[in-house]
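Chain naming follows the written order as A, B, C, D and E, and within any one chain the residues start at number 1.
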Amino acid sequence: DNSTNDSEETENTESGSGDSEGTVPDTIVMGFVPSQDSDTIAETVEPLAERLSEELGVEVQGNVMTNYNALVEAMGSNQVHIGFIPAFGYVLANEQYDVEVILKSIRHGSGTYKAQYIVRADSGIESLADLEGKTWAYGDQGSTSGYLFPASQLMEEFGYNTAAELESDFFGGTLQTGGHDNSAIAVLEGDADVATTFDDVRTTLEEEYPTIMDDLVVLDYTDEIPNDTISVTKELDDELVQKIKDAFLSFNEDEEMIKIMNDVYNWDAIDEASDEEYQVVKDTYQKFKDNIEL
Amino acid sequence: MEKEFTLPPKPKNSTFKLIRNIVITVLVIALYVWTFTSIDIDWGRAIERAANNFQRVIPQLFSPDWSATGKVALSMLETVFIAFAGSLMAAILAVPLAFLAARNMMGGVIISTIGKWILSAVRAFPDIILAILFVVAVGPNAFAGVLAIAIGSTGMLGKMFAEILEGIDMNVVEAMEASGANKIQILFHGVLPQITPEFLSYAIYRFEVDIRASSILGIVGAGGIGTLIIFASNNRNWSEMGTILLAIILVVTVIDFASARIRRKIV
Amino acid sequence: MIQFKDVDLVYPNGTVGLKNVNLTINDGEFVVVVGLSGAGKSTLIRSINRLVTPTSGELLVDNEDILKYRGSDLRKLRTKTGMIFQNYNLVKRSSVIKNVLAGRLGHTGTLRSIFNAYKKEDVGLAYESLKRVNIAEKIYNRADELSGGQQQRVSIARVLTQQPKYILADEPVASLDPPTSHQVMTYLRKINKEDNLTTIVNLHFIDMAMEYADRIIGMRAGEVVFDGPVSEVTEKTFEEIYGRSIREDDLRGGADQS
Amino acid sequence: MIQFKDVDLVYPNGTVGLKNVNLTINDGEFVVVVGLSGAGKSTLIRSINRLVTPTSGELLVDNEDILKYRGSDLRKLRTKTGMIFQNYNLVKRSSVIKNVLAGRLGHTGTLRSIFNAYKKEDVGLAYESLKRVNIAEKIYNRADELSGGQQQRVSIARVLTQQPKYILADEPVASLDPPTSHQVMTYLRKINKEDNLTTIVNLHFIDMAMEYADRIIGMRAGEVVFDGPVSEVTEKTFEEIYGRSIREDDLRGGADQS
Amino acid sequence: MTNEKKTITNRDVPAIYPVKTKIQVSVIFFVVLAIYLTSMTWTQSQMAGGFTGALGNMFNVMVKFFPPNTAVIPAVWGPMVETIQMAIIATTVAAILTVPLALLAAENVTTNKPLYLITRTFLNILRTIPDLVLAVIFVGLFGIGLFPGILALIIFSLGILAKLISETIEAVDMNPMEAMRASGANVFQMIWYALIPQVLPQYVSLVLYVFEINIRASVVLGLVGAGGIGLILNQQLGFYNYPNAMMIIIIIFIVVIAIEYISTKIREALI
């Protein structure tokens, strides 16, 4: 029912001017929600904002937020113009406020990543089918790699219509852990049999659990999940959007910038992206949207 | 004194009271039985886990990551500013609400009940929703944090202020009434002098609490200490968590100390 | 002049506070009301400035029936009757001068008083009043830094600053020791004489009542059981007021059972 | 027998509480200590059960110097001296009987008392004591439901239950009205005579002191300025105790400035 | 008198406040104002948009939460119960642990100065740790689940409770204690007979107050895997099911109100 409101909603939002060309704000605000599906997480976007400001000749301000609802809503009300959002957050923002994706991150040479199923090495679990009746640990139901993609894959493979059925009929039990690291630890400690996490959560835990690489093995991977997006609000002036796009893409040629992006956000490069690439996430989201179990 | 004695029989509580007490006792016992039997905790495992993890977490926590000091200090300063502005705003907003909610101020149980309900409603609103609302209103920045903290604290401060108001010496109010002062004059000369020190002291106390109300600041992108906590936790960076903890303990202790002195002065 | 005409007062819970009270108190009198605890002394005094409202009868102050007063009429009445309380009822945390100035609130505009912008004369008057009760040097002390007797003197100064026509004092010395009590009573008496203020005082103490009063009113169970000049008071009068039965009964009972 | 020998007491802040006090109080006496506020009456009385500790001199109770007592010695001393306070010092939210039984705490083991497992005799004794002050019917009432006089009687019952050898009463009637005061004093006197308990009472009231005491001790500024039987008390003695200067000075000052 | 009044000269009219107070108050006022202005400019300096449309924007988001979806009530029940149970256990344990700590931290009971100071400091440090940090650390230590959540709540409420109760203890009427001391009672007997009855009503009402705080704190705990209603609230927000989230908020509100009502009743029965 949300989608029916969309057009009104966006018209209502104060956009500064009724110009069909879109607006050029005095200060461009970037909102950044780091994805939990990555092994290090950035705390600041300061260097990026400064560079962008130089390139665009407009003041750019960057803020890191810890909750993507806040970012989505901020983009909806035009308080944030450029959002660094994980795929799932982008899908919501696009559905609610017609936010458009312009760029995506490239990590480890790829524009996508995968989620992994991890089990204990000595568990005897060899295939996804062996998971029947076992306990499943995931971070939370809003996590693309931790929940949505693996659940969708299992539902298709074993013929369940809703996630609720999957959880109650296929699995013996589920454990919501709040984070990927916690899921992996839950399997390690024997509280659960399988965890679904980003690839590869084990590296974050190596320091605390030195033998984790051997103790836990990857059972399987999910389909490809699109990487984090750089998205802009609909109201932003097209020309400006193009300039932003060019500016970001130019960073690919800039050694120093790539290093910053890599150090802080694990990004190797930035690539163009279009809404279609996120169709797979949209489809998955649709599957869960109305029957997600409380 | 050796002689026989009989105590008079204990007075029977009225049957209503007796039944009430029995019902309450039974309910409380049932509540505990229900809680402890139905809650899903494997105590043994938890202890075992703690023993295993102790080495992993605690030593790191107590060997703070000094390289993060600059970053943490900056966030802390930011947080202090936000908390100051937010709790001052809350302290002001809470005053009219407290007068509304205090039983001895506006007359009428109805008004005070409504006032209390408003305060409860404000308090029941989760930080996360407040944060979203204020980000939408003013964008992701420290000021959204100020607003979120202001509203979040208003509920608690209003409740405490109302309790202080209910405890004032009404004789003084009567004395002023007897000298022909009107309501507003009584408010300024009879009521306010009695409550100001406590109000201030609670406001300062709330300032301390707000410095710890960190999660909300992470949500709004205010960059305060809350963001750092969440990131340190997501990255399982215990030594940085140690630094953060140390910073908070330090700052709050300093403020606690200062506020204790201020409070002693004003009360 | 204050006149009670067939005044009754029944509290909402049914307790009878005043029963058929008829009294006339003339200007400039110094009247002491005595009676046991619960006799209705406070009720009598508080009726006069309408802190409580009699349920029937007429109560005339300066020939106007005050029982119908509301709002600003009431405030005007209270401006002209000053009241002194057993527990002083000072704002403990405010300074002495602020407490004394509070007596002028009834004469001061709301806005003025909010900003503490009292008229110069008012502040002067407050200071004069403090001098009259000999406590001017404590002007900036907080009220709770003073001893009981000093606090009561401040509260007298507050009433003086109010420049009332009547002073009502509800057991003004009950919390004080005898020498201090005498001192406070002496001040009250002095003011009564100097400014010709009609003064009505509730007292527990028989000897003190005799020493200071022009006229004594004895109350018991809401009724006036004695009314006359001090010279008419006999040992028997007091027994009547205090109820012979209470003292003797109680004691005899106690002695029986031991 | 209680003997003060050259007792001095200086409070940590330098205030002199007692100055060179020499007194002997014999068993069974009913002594009233009078004096102005701050004269040191409370200090004198509280030295006897060591709620305050004199800084020099000797204080013998039953021929032992109590100034060196610590720990259990001290508790034993306190068990044998019962104390009655101006404000009754009851636990307001506990029942009368629990308050009275508290008098036996000194005679009861910690564990026993925590579980309210008083000995049967103790409970009987408490009940007897309540009967003696004629308030047995209030046994299960909460202390704060009683009037002042009744509360003071409960506190007397508490002391009786303690079965002390000495009773110290620090202004036991200062918060009570005159008839109730007389009643409480009568009970104290009765107990003094019946049980032959040495009783030392602080009083503000001159007339009451004269009415009940065997012997009067007058204090001023920490010193004993009068000590003798009631018959020796003259109007002048009292003026000496209360200090003529204070009253007159104060008043004259006040009158000057108006 | 009347003549004198007319001759009051300026010299006779004192100021309402002594000069020193005036200066002090002004200095404090301006310092606070200065910090406030600094804070405001500093925090607002990052604000790009300004206030235009702020209320409209908020309203637009707010309407998305309505109408609350009542269909989720049955599903919310489980986690809500869990939250209540967590709060019950945590509050009970904290209430028990508070007693010795509060006594040790009360200046009028603990006459041993070093002991008092140590307890005070310990409690002060305890109080400074944010609930979120506690939850994160305990999840790290004990793994996910209700247990670390409960522990976090215990420590968190202990800090508040012990401080407030020690303050209550410091404010009690010491006279009954003196009376018992005068009759030879020892320290435990004094506490048991004179202190506990006086502190009990305050104690109960503070415990209930902390219970209420604990219910609300569990919303935060859910964020880090420490169980309770916070988990599903975040999840519903994450899925953009705002009407569901609103229903959850309303249920939390009802529970808080109910607890407040019950605690008022209990307090009335006790006092």
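The rule we apply is simple: a residue touches a chain if its C-beta (ideal position, glycine included) is under 8 Å from a C-beta of that chain, and two chains touch if they have at least 3 such contacts.
These numbers were taken from a predicted model, which means no experiment stands behind them.
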Intersection of the contact lists for subunit A and subunit C: B, E
Busiest interface, counted in C-beta pairs: B-E
Distance between chain centroids, defined by C-alpha means - subunit B, subunit C (Å): 44
Mean-CA-position distance for subunit E and subunit B (Å): 3
Chain centre separation in whole Å, for subunit E relative to subunit A (CA means): 36
Where subunit D touches two or more other chains at once, by residue number: 136
Interface hub residues of subunit A, defined as touching at least two other chains: 29, 61, 63, 69, 73, 76-77, 79, 179, 189, 191
Interface hub residues of subunit E, defined as touching at least two other chains: 46, 48-49, 57, 60-61, 143, 223-224, 234, 237
All pairs of touching chains, each written as two labels joined by a dash: A-B, A-E, B-C, B-D, B-E, C-D, C-E, D-E
Subunit E residues touching subunit D - in the complex, by the definition given at the top: 173, 175-176, 178-186, 188-189, 192-194, 197-198, 200-201
Residues of subunit A that touch subunit B when the two form their complex: 29, 31, 34, 36, 40-41, 43, 61, 63-67, 69-71, 73-74, 76-77, 79-80, 179, 181, 189, 191, 204-205, 207-209
Subunit D contact footprint on subunit C (complex, rising order): 36-37, 131-134, 136, 177-180, 182-183, 186-187, 190, 194, 204-207, 242, 246-247, 250-251, 253-255, 257-258
Sites on subunit B touched by subunit C in the complex: 169, 171-172, 174-182, 184-186, 188-190, 193-194, 196-197
Footprint of subunit A on subunit E - complex, ascending: 46, 48-49, 52-53, 56-57, 60-61, 64, 72, 75-76, 139, 143-144, 222-226, 231-232, 234-241, 244
